[in-house]
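Below you'll find the structures, each written out as structure tokens.
Heads up, the next two complexes both have chain A, just with different partners, chain B and then chain C.
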Partner chain A sequence: MCRVAKFCDPTETEKKMFKNYIKLAFKVMGRNRFYTFISLFGISFTLMILMVLTAFLDDQLGSHAPFDKADRISFLTRVVQRHMVTDTTLVVDSTLQNGVMVYDTVENTNEVSRSVSMSDPSFKLLNEYLDDMPYVEKMTKYSTRHSFDIFLNSNKLTFSGIYNDATYWEVFSFNFIEGGPYYADDVKNRLPKAVISEDARLAYFGSGEKALGREVFVNQTNFEVVGVVESLSPSKQSLHADVYMPYTFMRPSVLKENSLQGPFEGAFLLGDASELPLFDDELRRMEEVIPLPNPDEYNKLELGSYDLVERFAFGMFYEEDKEDSMRVFILIFGGLMSLFILLPTLNLINVNVTRIMERSSEIGVRKAFGANTQHLLVQFLFENVILTLIGGVLGCLMALGLIYLINDSNILTDLTLKFNPTVFFYGFLVCLFFGVLSGLLPALRMSRLHVVSALKENAA
Partner chain B sequence: MITLNNVSKVYRTQTVETLALNEINMQVEKGEFLSIMGPSGCGKSTLLNIMGLLDEPSNGEVSLDGESIHAYNTRSLARFRNEHLGFIFQSFHLINDLSVIDNVELPLIYRKMSAGERRDLAEEALVKVGLQNRMKHFPRQLSGGQKQRVAIARAIVGRPNIILADEPTGNLDSVMGNEIMDILLSLNENDDTTIVMVTHDESMARKTHRLVRLFDGQKVS
Partner chain C sequence: MIRQIFKMIWNRKRQNSLIIIEMFFAFLILFVVLSFVFYQLENYRSPLGFDTEDVWIAQLSLPTERDSAGIVNTKRSLTQALNAMPEIVTTGFSFDVLPFSNSNWITTNDDNGFELQTNIIKADEGFADAMGLDIIEGEWFNESNTNGKYSPMVITKLLRDTYFKDSSVVGRIIQLDGEQKIVGVVDHYKYLGEFEEERTLSFFYMKPEDDDNLGLVIRIQPGTPPAFEETVNRTIRNIARGWDFVIYHEETQRKRKSDQTWIPIVALLSICGFLVFNIALGLLGVLMYNIKKRRAEIGLRRALGAPSGNIIAQFLLEMMIITSIGVFIGLIFAVQLPIMKIFEVGNHIFIYGMLASMAIIFVLVAICTLYPSTQASQIHPALALHEE
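Right, the complex of A and B next:
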């Protein structure tokens, strides 16, 4: 308790004081350029990597075209058929009781998978068994990517193509530069209409040419171009192609195939995102109901449904099951992000601790001349916050620069990374948090240091 | 001005207990220039730290202008030091990151004062120690004597009533030491500043008003 009135008056937070702290922080930064550089580099580099990485993930998985309804979509990309057999093991236990051998037998029965076949779903599976599922608002079926050689004026072009139905254009939101999609009747009546990508238009018709109403010759058919869509990055699985055509132009044998496995994929747009687990339950129910074409060969069916992130992870790492893919995905991206945040943070803490230890003499002098713990804490806090703010601005500029370079150089084809202010804000908060923490903890310790000890520590 | 009543200081470690000061009674009068002498480890610096409110006695009482400091909390002590005391250390303790003028301004930062006022007072203090031409320099660019003059300017900038100097000439050669001593003497004579100085140097001590000798933590004269 303070009992002497004239010295008990608590220090007011003075604007002048803050101005001083800011000035001092700049002075300290200016005098220790190497330390400042290391700290700024750590902060800005962390933010830059964080921004570019999240911009990449956002581009792939964010809720924007063509995946603006992604939170309600379930992809059916995997059909697994197993041959399950009952495996019986007999465990015999023998014990000697009163000179007589007694046997105890236990029979264990297990279901064991003898053979397994994994593939994409077939047209038949999607068309006959899964086209009227509960909770589903719209369902689209489309082929996996095909590759076509196109000979044009003695040049060979290789186009990737997807055969789809008309709902495809409703489930996924493509940006049409010219025209629009084809419709259900066009597909049903096998009208030779196609949608091509912007890149395909350039390759096929040349620079500056319009494509609407003109013809492209793909797989022995002349298709009329009814729409041109903005090109997508090849990493946009299920969607990236040069040409999109009605599935009725596929070989009839593919469409009539009796197997449950084939070259197709299905996307189910549900009424509400909360119904995804219910839809999954329905799929489990269907696994029991759908008759297997050859029960002697395979007698168990598994339908693998994925949300967009799982679909991305699966397409990227192609692990045997969904969980494994997700694990690898989280491990790689989560690990990378943590590493990029953690390393500079640890470095910052280390630099700050060492730096503050070196300043024990300064702390002693300041205390002797009237600074109290609060003054010193605020001073060190200002130094860190200002450093982090500058690092944040630099990081932002560097991220913008790198994103511009990546987009401009086309290293990743048709990938347009966007600077995400929300991610920047959170990344910056993380940096600020660690910046403050890394400065505050040693500052707290040092500001409590006894003034005589502080002066002795650096009595050089 | 400063009164010490039966002041003792004991340093304890796990195994050893050292009596640094043993029941010291003394008084420093206003306007006095007092020097404290004694062999190394006799408790001179401890005594000065206690007088300067940088350290607390284990026993006894320290009074300033008749008021016991026992009642002050850490924050009030810091404020008292800021307004009434100035310190000069043997190893200068200047902040290398700050320029000479910024070092001198340091005590004023913790007062309600405009930047302009601070600058004026700091310049005035530097003029007193003859370093008005070195304001923008950094401590590394100065000689030992110049550093100590900056430290004196810092000690007097807040116009304290008492200056506590811990071997201010200890790290300097005799010429520079004399220069520093002259500055301290003129501060005492012209500005009526009370000065308590710890020294090893008998010739310096003889220039002051009064000499207190310590031996093994006890006042011997």
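Right, the complex of A and C next:
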């Protein structure tokens, strides 16, 4: 059959074939500009939205600085105390035995929670009971966010502040622009050293000024600035602050407080991510061991620990427990995402089915000359993938533009979306999926078209 | 005519089923998003019930060691010193469940013979004026009612209308954390934020010796320069020694809280807008092609004397029926939300959501059909038949 040597090499033939496919794809696109516009518009906008959404989720939940060890961190942010009482209910069961009623009484006892108190953990709980947990490599305790009014040349600045210990700087990886953190000895000896954020430096010292070695006056104390870190978005719970100070500068009464609940949080850096469930089990054990300060008021303790994603979900959907919150989170985000992909895909399938009909003559001729179904299928899919890839590139550019706009307008307060390889990778994946899916049905239908009817339709 | 149209739809069932599926999903998405937006907007429409302009609140945290005599004195000195300033209109205290914060205190009991649920705010005599509350019945706390046998309470109109529909409430004594006498009714107090649903709420009287953390409400004269805040800050610091405090501007707080809802609303609506536009374009493309392919049919009908309006009506009706099928399937799913009571939202919100989504879809389909069918109806019969 094959007489020309050049075409006998299968790879050579394939190369030529794909070259032809690409040529053809562009020809087809140019032939009907309106349909091409519809397809490209749909693809690029969908991808843009998906990419911005992924960028947002990646910014919130991805493992990068300062959360680059996030997969090994367990946050202890919730302490629940309950007053449990035993509730006895009498169940009377009546049965008819040999014509005589027989009564059977059963006492059901179950524990009922009477009153509940939920709050953050206290310094004492973290410092005395959870200081030396197994599996934990490093543990840090830090205060929840405080606010301070600072008056500077009759301007008011409101700074948010976190009091922390020195391990805080090891568990979380901050980007230092100037200087560095303070150390355990500084904290212990109550040296007035502070780390401030880039935004705080700008607000306090003015633009272009360095802050290292200078003093900030916060909460009636002069702190020496030892480091300046990149500003974080306020949505970064436990981390976003304008000024970070050693916890020893908190009011002594807060540190001495006997309650298990107080204005603190703990983060536990484990040796390995696989140990998270084991650590959770340890916490369950501790719930039984830790003595409650006032057993008459509350007699049951629950320690709520979360990883980064669970915390995000829990902050967003405040359900009973973290599993419920996770479920709602996945349901809503997953559902929304898939609907937003599904609808444009359907639209594209619809357009493609129509568009491909226009080419029945071409298909008829090719079939008549011996092209098999598989060849045609590959060709149509190929065209569609090329189209989606072009749409993908456009979508990427638009996503970059939108991300720039969002960051620039500061609409999400200090949240800096980044267009990183992960986002690009997922975008590309979605793109391919999109292309294959929207091309498959029409291509399948078309490639099965009967030669005669295809040619006849052309005549019509 | 309808029967014929159904026949024609059936003949092209493959193509039409794709459109039906598309309409079904479009309806569902629009329904969910619009219901969410309507729910938020309905809450937004009801008034806050207090002023945010020119109102500052200093949140004061008392030291852990508290003595009631010291607290009474400090509070009195604060009130005197601040009210003496010409820039300050008036001041008042509440406990530290402040507007636009996320904290609340809710009590439920059935001691009155029915289940009564209410949010509770403790406040003193000056609070109503400082916040600008609107008292529609009875009076706010004052010397004559705070020293009586029962501790006084003020309720919101919503609480009155929810639990005491057909009896006058002022003067009534109810069981709520002990015996309380209702002395007044305020119009609204939607302190959680503009987009929050208003909840039933009661104000309890906060005695001077109460040792809760405090919210000191300061109403300033309009047009006071911002630098005045430093004076306020210094005054509070000097009087309330050892107390931590931050001053919030209620107008800023209100905006910040509202933005948390505005941003998702705008994002959702713009995504929906894009989806709708996308569908419209796709539909236009498909219909343009389909109608073009039916030139022969149109030519024949025209030759037999059908006016062009008839042709347009035929295509319009065809598309409307197809769309209705998709929307109807969508409705079956959408109706489950109010029936199963998954969300505690009034049924009317869902009905508005359904109606609005249907309206959008039908108008959209109509526009997308009208353009190609009008073009088709202009075909000269001779030309169309000749092509054939």
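The definition used in the following text is that the second predicted complex is superposed on the first by the 385 of 460 C-alpha atoms of A that agree within 3 Å, B and C clash if a C-alpha of one lies under 4 Å from a C-alpha of the other, contacts with A are read in each partner's own complex, and residues count from 1 in each chain.
Methods note: contacts are C-beta pairs under 8 Å (C-beta built on N, C-alpha and C of every residue); 3 or more make two chains touch, one makes a residue touch a chain.
Everything numeric here is computed off the predicted structure, so don't read it as measured data.
J.: Go through the superposed model and pick first if A:T422 touches only chain B, second if only chain C, both, or neither.
T.: Neither partner.
J.: Report for A:T88: first if it touches chain B alone, second if chain C alone, otherwise both or neither.
T.: Touch partners of A:T88: none, neither chain B nor chain C.
J.: Just chain B (first), just chain C (second), both, or neither: which does A:V451 touch?
T.: Touch partner of A:V451: chain B, not chain C.
J.: Looking at A:N372, would you say it contacts chain B, chain C, both, or neither? Reply first, second, both or neither.
T.: first
J.: Contacts for A:S207 in the overlay, against chain B (first) and chain C (second): which applies, first, second, both or neither?
T.: In the superposition, A:S207 touches no partner, neither chain B nor chain C.
J.: Using the superposition on chain A described above, determine whether A:K27 touches chain B (first), chain C (second), both, or neither.
T.: A:K27 contacts chain B only, not chain C.
J.: Per the contact definition in the header, classify A:F41: touching chain B only (first), chain C only (second), both, or neither.
T.: second
J.: Once the structures are superposed on A, label A:P344 by its partner contacts, choosing first (chain B), second (chain C), both or neither.
T.: Touch status of A:P344: second partner only.
J.: Just checking: does A:E257 make contact with chain B only, chain C only, both, or neither of them? Give me first, second, both or neither.
T.: The second partner, chain C, only.
J.: Residues on chain A in contact with chain B in one complex and with chain C in the other?
T.: In chain A, no position sits in both the chain B and chain C interfaces.
J.: For the complex, give me every residue of chain B touching chain A.
T.: Against chain A, chain B makes touches at 49, 52, 54-55, 67, 71-83, 87, 89-91, 93-98, 102, 106-107, 109-115, 138, 154, 158.
J.: Write out the stretch or stretches of chain A touching chain B in their complex.
T.: So the residues of chain A touching chain B come out as 1-4, 7-8, 10-12, 14, 16-17, 19-20, 24, 27-28, 31-32, 361-362, 364-373, 375, 450-452, 455, 459-460.
J.: Residue numbers of chain A touching chain C in their complex, please.
T.: Result: residues 34-35, 37-38, 41-42, 45-46, 49, 146-149, 151, 154-156, 158, 219, 251, 253-254, 257, 339-340, 342-344, 346-351, 353-355, 357-358, 411-412 of chain A touch chain C.
J.: Touching residues of chain C toward chain A in the complex: what are they?
T.: Checking each residue of chain C against chain A gives 15, 18-19, 21-22, 25-26, 28-29, 63-65, 226-227, 229-230, 233, 244, 246-247, 263, 271, 274-275, 278-279, 281-286, 288-290.
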